[in-house]
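Here you go, one structure.
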Amino acid sequence: MNLGKVVGTLVATRKEATMDGLKLMLVRHVDTEGRETGGQVVAVDAVGVGPGELVLVATGSSARQTVATQNRPCDAVIMAIVDTWEVGGVEKYRKD
Amino acid sequence: MNLGKVVGTLVATRKEATMDGLKLMLVRHVDTEGRETGGQVVAVDAVGVGPGELVLVATGSSARQTVATQNRPCDAVIMAIVDTWEVGGVEKYRKD
Amino acid sequence: MNLGKVVGTLVATRKEATMDGLKLMLVRHVDTEGRETGGQVVAVDAVGVGPGELVLVATGSSARQTVATQNRPCDAVIMAIVDTWEVGGVEKYRKD
Amino acid sequence: MNLGKVVGTLVATRKEATMDGLKLMLVRHVDTEGRETGGQVVAVDAVGVGPGELVLVATGSSARQTVATQNRPCDAVIMAIVDTWEVGGVEKYRKD
Amino acid sequence: MNLGKVVGTLVATRKEATMDGLKLMLVRHVDTEGRETGGQVVAVDAVGVGPGELVLVATGSSARQTVATQNRPCDAVIMAIVDTWEVGGVEKYRKD
């Protein structure tokens, strides 16, 4: 999974019918220090995220292994909200 | 999914038979500011796009999860036309 | 799919048995202006290409969705020969 | 598979239900000389790794082919702990 | 598929049980001129390669389409040993 930060939302009314009702989020990738890496993805929200939250994004066929996304043309899904992580025993991020 | 801009069309008469009748579009990737990133893809149009529109492209096996593309050798599909998106509450794009 | 140019052929006699009889082509990626991008792939020919032709290459599990490649350890297939494409209404390529 | 070094752990309590109980590790990619390449991934631990260990990470649908990860929205799994490797007959790494 | 050169071997005794008995090879990617590109992968050997050989590596779900790798958490497999390739009619490589 990729670490990412939810930076915005996207609306698309004309789409494949099976995508109806799914919430689309703009996510920027971050590294293990929490810095943006320049990468980004539009991901379906499967867990109820809010703006600015750090999340995990699963891609490819694994993005269809949630209740919200199965059998849909979805290749990226937010499947977890990060509480905290540490590197070498040093806490790098903690959700407020 | 990747954000992209539809910049052109492509014609290929000699192809795997299951690809007959599908419309092939040239799409350039854009970032969350709407700027082209240098990446590009040829994607099947599953939603009826027009030139210059901003779209979402699903890739990999997820590209086969539309009515138009199932069981076909298609690894990229336009499955949504973007109306608008915002980053940090600031609107970055709105379809005319 | 990726745009590519067929630049050569490859022979491998010792291989997974299911790959027997498949023609392997060297393909260099090109952008929407027809310029080589530096990327490359070895792809199975599913459509009967010739040297120098511009083609579409499908990758991943989608590369196994042709008659030639199903259930084989093939992650890249040439599934179309390009006749022409245009960007912004300007023709960028036409097959001779 | 990618070579990687386990550098930390990540906690996410709010997530797709099927991810409950899985341990999430921060892994930095290393090259065949053991040097970090700048890439990274959050992977499920399927083998019981410890901090600092060198591991193999499988991605994509292959990340779901372990007992721990099947049918889950997981696109990266640690499926082996590296004991040693050699390049050109020269040992490059040996686990303590 | 990617062109690669077998540069070494890797041993991992602690791993997902289904990976037992598979031989793991270090492969560096090469371009159509035979030059290393900087990329690398750890791949299962499905064909019996030797050190220094030029090979084809299939990745993703296609890496599980060999007798050795099916249903295993393997995302890269050596499925062919290259005998020769040519670019523009000029032979670039021939196995000794």
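Going by the order they are written in, the chains are A, B, C, D and E; count residues from 1 in each one.
As a working rule, contacts are C-beta pairs under 8 Å (C-beta built on N, C-alpha and C of every residue); 3 or more make two chains touch, one makes a residue touch a chain.
All figures in this text were calculated on a predicted structure; none of them were measured in a lab.
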Q | Steps needed, at fewest, to go from subunit B to subunit C via touching chains | A | 1
Q) What is the size of the turn, to the nearest 5°, that moves the C-alpha atoms of subunit A onto the matching ones in subunit C? A) 145
Q.
Averaging over Cα atoms per chain, report the distance between subunit B and subunit D in Å.
A. 32
(Q) For subunit D versus subunit E, what separation do you get between their C-alpha means, in angstrom? (A) 20
Q. Residue numbers in subunit B touching 2 or more other chains?
A. 59-61, 63-64
Q) Graph of touching chains, which shape: line, ring, star, complete, other? A) ring
Q | Round-the-ring chain order [start: subunit D; next: subunit E] | A | D, E, C, B, A
Q) For subunit C, which residues count as touching subunit B in their complex? A) 1-3, 31-32, 46-48, 56, 58-67, 69, 77, 79-89, 92
Q) Which part of subunit C faces subunit E closely enough to touch in the complex? A) 7-16, 18-19, 24, 26, 28, 40-43, 51, 59-61, 63-64, 71-76
